[in-house]
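The data blocks that follow each hold one structure.
Here come two complexes built around chain A, the first alongside chain B, the second alongside chain C.
Coming up: the complex of A and B.
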């Protein structure tokens, strides 16, 4: 047991640590204005316009969110100016979404992303997104709707779509990872205002930190298959009716009309597995092998699905279609000079030891050739949930 | 703090009392000043007998029936020690002439019979003690299991234990506690299971106590534990005989003390305070669930309100967005900072608990209702506290009440206050500092020379099945290693694994 003098030293030490270190800066929740979403626009030549959604707590006020927008040159001075306009101290610890305008993204956004990285209050799971027009117009959607907290609304919009695998995850961490990866380029979702609602309009493709192209939503299915393990998503394929004549069901006395000239099949993905291999080092030829298990959800015309032969036939048709689509997509990426799939990583993995700069890879990528092989299995054609 | 001083044993005075009755009476009166000492005289043929006793302590009807009546009725017998031993229908008679022995005998309720001129007199026990009957356990009530608890009488407590454990190896060693008031006590253990060292430590600590009076077994526990500065109790008292029986067969040692309604036992590690006998009587999986529930409640109770303070004062970043609105809105009405708000409400809860415990049962219920309504409803509406804090405080109060040991429950409620304050000063770092402090403190604590956090640190994975978790019986073949039992096995592990076929 410690006796007299030991106790004295202990008390002295505790007292001095308490006195000397002082207190941590208190940030009481109800005295803060919590920034939940930020939008950045290019305003004129040299300035950026920052718009923030501030969530604040007031027992008497009805509107819990407030939108403030100011102009400045750096994001930190934007914060200073926004703070002047607020009765509560603005803090960024609850930031959920950051929106960059397309015009700004075309010039490059890495410095603005970098400030997010440097702020320890901002989490890695912040969603980054691009807006088709002004970022402020997206942020201002919340103004009309009193009950809506735009920060969480945008966050839920993206999260819901990411969780149901309609979208590649656009978190700050994912963006950083792809950006700093020599063999991969980042992608972010593109938002659009439609009839006063925010909706996802496509995927913005980045070359380094600059936006260079837009991938429409219907192609995202193939990008997801290529880029990551994918367990959901639906896609429709259109075929000529002539090709399917052999398996079309007869009328059997009943009459029905065909609405479309073409025959459409809707399938969904149960699981897919993608392997990208460098098969020819000299000519830089990649083979993309996709194993794909799917369900047939809907057909626009009745098909004879009773026999295995017919199902096999449909499988082959879909395979052919997918091979073409995916090949087209890869060529599209190649022409844009972007690599969201991470083919560069495959290349780097195959040439062992040699270091390759991003620049070298870009020149190699230009001449790369692809061959796509899809193995599709229709697991189920019957009842779907 | 408490000192282990080697006692310099004072020589006991051997002094025979006077052979004359009048002088004997004077001597006794001088020793027992202002007491209710009573003398009854008999005369026959010039022989005088005196019966000395303390009136309040003896059973008068048995004095009349078993001592006076035989002596008066038997005319023939000789009035001497030898003659009385023939006629008195009493099982225990002590022959003595030592004054000190007579005095201590009288205090215990003996009657001293002396014939004038004889060298010796007779001392016999006719004591009458005021006792209550055996009742249901009050402080450690159980839903399941035996409904019997210890009483204030040492003899009936020993009776209960002996009846529970009909084992010839059950030892009950005599001990005397206290220097002025010599209270009887018994050191209870199972010979061949309990560690010899443990028994001697216990005995030594109690016999070397230099204190005038020990009011009860709990106080005895405070006096002989290692660190009396700690908030954590290091030796457990219980009023459940079955708890002691179970503990004895795990190699623990217990102390029964006269006039004390509970039994002290040890070594009791930190986790044994979260064991209830109910866990043993339940099926193991239910017991396991309950025990894990209690340990979770412990952590909730200690850390929930400090976490609230830290998060709302410093770390607003970690609040999940669905909770942000409700938390912020209820906080925006409160005029105090979170530390003060929390301390205030914790204080109110403690007041309620204390008031409920002190008041008579009927009024106590009203206090509960008043507390529930006033604190719950009005405080929030008046903007005194946020309603989320009310839930958290209630949760942590409930959590601390789930601990089967009342002492440990109180200790847990107490350590919450410094953690809340330091959370208000340093936030999450403060909680971590305080928590580390308590962990280090617990690591350093000992219970009768055994590490306090025992099955967890130092890790005794076989013991985990007894105290931290509960496992089916076939895995509990070994007694807990922490207690260093002499006989390590409860049953043969190999035999337990054999499955007997029906046609064997």
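Coming up: the complex of A and C.
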């Protein structure tokens, strides 16, 4: 046992440490309204309308969520005004989803994204999305449904699609990264109301922080192949029946009706590996090399898949089709002046000695040329031949 | 004043503890902002700057230990008195004490600011300040063994944080690092220079040396500590550069804490809050060891009690923290002390080594404190 006075100082110090650490402000869960989703709309020319979904922890309340909609110029003053209309203090620590209307996104959203970054209460994994019409209409879906917490619902909708790789991850972190990257532009999912349900209707392409174009859902497969390591996703390809005549199964007694005017193959991506190479610095020519392992899921007509030659034939056909699709997609991006693939990063990484500003890259990008080479292997054709 | 300090056996430390002393003192509040600072100077080659700074620290450390090796069991205060005599030597010692106290102060206000920004925006500075100063004063009260104990605990307790870096690695874009060596030498050296605030800490060897039991092993263990720091710092900078886009790294004040934002556990959404709290474990040994070294000066120079010096320093630091209010003031202070730290921790020991060697060579007969005379 230490001597008396020393012992006393020790106790005094520990006690004061404990007391002081209890000094911080307490927040009781029951007294808080947790914002789970926010929607921003352009209201007239000069104001934005903010709509929030607030989750309550009140066992007696019938409605677990509440929707508040107000107008202001900055998102923080929106919050203050929303607070005036709430019986609970609104906090944003549980924010999951932020929806911007398309009209607002066309004017630029960085002001509203910046405030999310600045606020240490908001995590980096918040999903950002764009709504085809009013953001408030999407937020208001939750109003009709008592049990539904829209914040969580939207969050799960996106997360489920991101995890099954149907969508590029639209987190705040990803948006920030692409926005600040000199050689890449951000993309966000586009939501639409369909028969009272929220659904994903495409991918919004951004040039800096402004929305400049929409990529339809069926092209997303190729963007994902280009932009990141991709391990799933399915895509259907349509071919002329004549091209496949040689490997069509003969109608031996049974007849298969030809339903469509074309022959469709559905393939599934097992793994893909994409390399974008700058092959010619002077003329800015890129070679996109894609190694692609796939699985044949469905054919609209019976094909003879038993022999290696036939499988090879299908592989080649798909390769050709993909090369064309991907090349078209790159040209489409180039025309729009957006670079969601990150081709600029590839370019900047190979240019020494000078710093390339985003503006310079945009003008270089306009004249870039692409060649696409796809190496497709059909590794499985399912349990039957 | 006695040049050599002869602590009794019970106070002596194993040499391997130097790994923890050096490493835990170097790693601190500076690391949190390091990637951004070097990025501003050296661009995407910042990690090379950090590595160079680590090498430079190692070189300086080598000179320090070589210099200490010329004495039996001296610390910097003793060497000052021996080389420069009573008046100039004590003046230099006072300056160095001032630097140590200033280093304490920088760590202290920077950490409080981080807590205020990230967790408790309404927390007054003095509350956390009181906790931190009392905590470190309490540790220093326990003497060198307790101080080194906190260093050991801190390194062991935060070892796991390195592995968290794998999470942001998954979201990173390796292309950002190319082309390697794009920045010119001047920029890279400037980055290395500016990371000195984060690299400060190896100079503490100058004060703990008398307490080391196996003095011949000082060199190897302190170098291991420095090398480990250099490795961690380079790794963190590298990950930050590939994880952040250039523009956002330039804007992020504490890139390392923002790195933790990406980590998300099922029952813990905001991992960075854990990281900020754990950072206290990292900075407490920093505070303790700087405070210990500075307050040691009182007993060495004035032959007073270390206890009094401790309380004088603690109250001075606590009061000064009231004068720092805005972020730009904090930046200014950190900058000045970081610059000063570069000279005090890196350049000065090398210079002193040559002075000591010259003195021992030419005035060997007169100097009856030096070894072998």
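Here is the rule we use: the second predicted complex is superposed on the first by the 365 of 385 C-alpha atoms of A that agree within 3 Å, B and C clash if a C-alpha of one lies under 4 Å from a C-alpha of the other, contacts with A are read in each partner's own complex, and residues count from 1 in each chain.
In this section, a contact is a pair of C-beta atoms (placed from the backbone, for glycine too) under 8 Å apart; a residue touches a chain by one contact, two chains touch by 3 or more.
All of these numbers come straight from a predicted model, not from anything done at the bench.
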Message: Looking at A:45, would you say it contacts chain B, chain C, both, or neither? Reply first, second, both or neither.
response: neither
Message: For A:123 in the superposed arrangement: first (chain B), second (chain C), both or neither?
response: both
Message: Quick check on the superposed pair: does A:32 touch chain B, chain C, both, or neither? Answer first, second, both or neither.
response: first
Query: So which one touches more of the residues on chain A, chain B or chain C?
result: C
- prompt: Looking at the overlay, does A:91 come into contact with chain B only (first), chain C only (second), both, or neither?
  reply: first
- prompt: Which partner does A:180 contact after superposing on A: first (chain B), second (chain C), both, neither?
  reply: second
Message: Going by the contact rule set out at the top, does A:359 touch chain B (first), chain C (second), both, or neither?
response: neither
Message: Contacts for A:245 in the overlay, against chain B (first) and chain C (second): which applies, first, second, both or neither?
response: neither
Field: Partner chain(s) touched by A:282 [first = chain B, second = chain C, both, neither]
entry: neither
- line: Dual-contact residues of chain A, meaning touching chain B and chain C, are 23-25, 93-94, 123
- prompt: How about chain B: which of its residues touch chain A in the complex?
  reply: 1, 227, 229, 311-314, 316-317, 319, 321, 324-325, 327-329, 331-334, 337-338, 425-427, 429
Residue ranges of chain A touching chain B (in the complex, touch as defined): 1, 18, 23-30, 32, 34, 36, 55, 57-59, 64, 91, 93-94, 96, 121, 123, 149, 151-152, 155
- prompt: Residues of chain A touching chain C in their complex?
  reply: 9-10, 13, 16-17, 20-21, 23-25, 93-94, 120, 123-125, 173-174, 176-182, 184, 342, 345-346, 348-353, 355
- prompt: For chain C, which residues count as touching chain A in their complex?
  reply: 43, 117-120, 122-123, 127-128, 130-131, 134-135, 138, 141, 171, 173, 175-176, 178-179, 182, 243-249, 251, 258, 261-262, 264, 269-270, 272
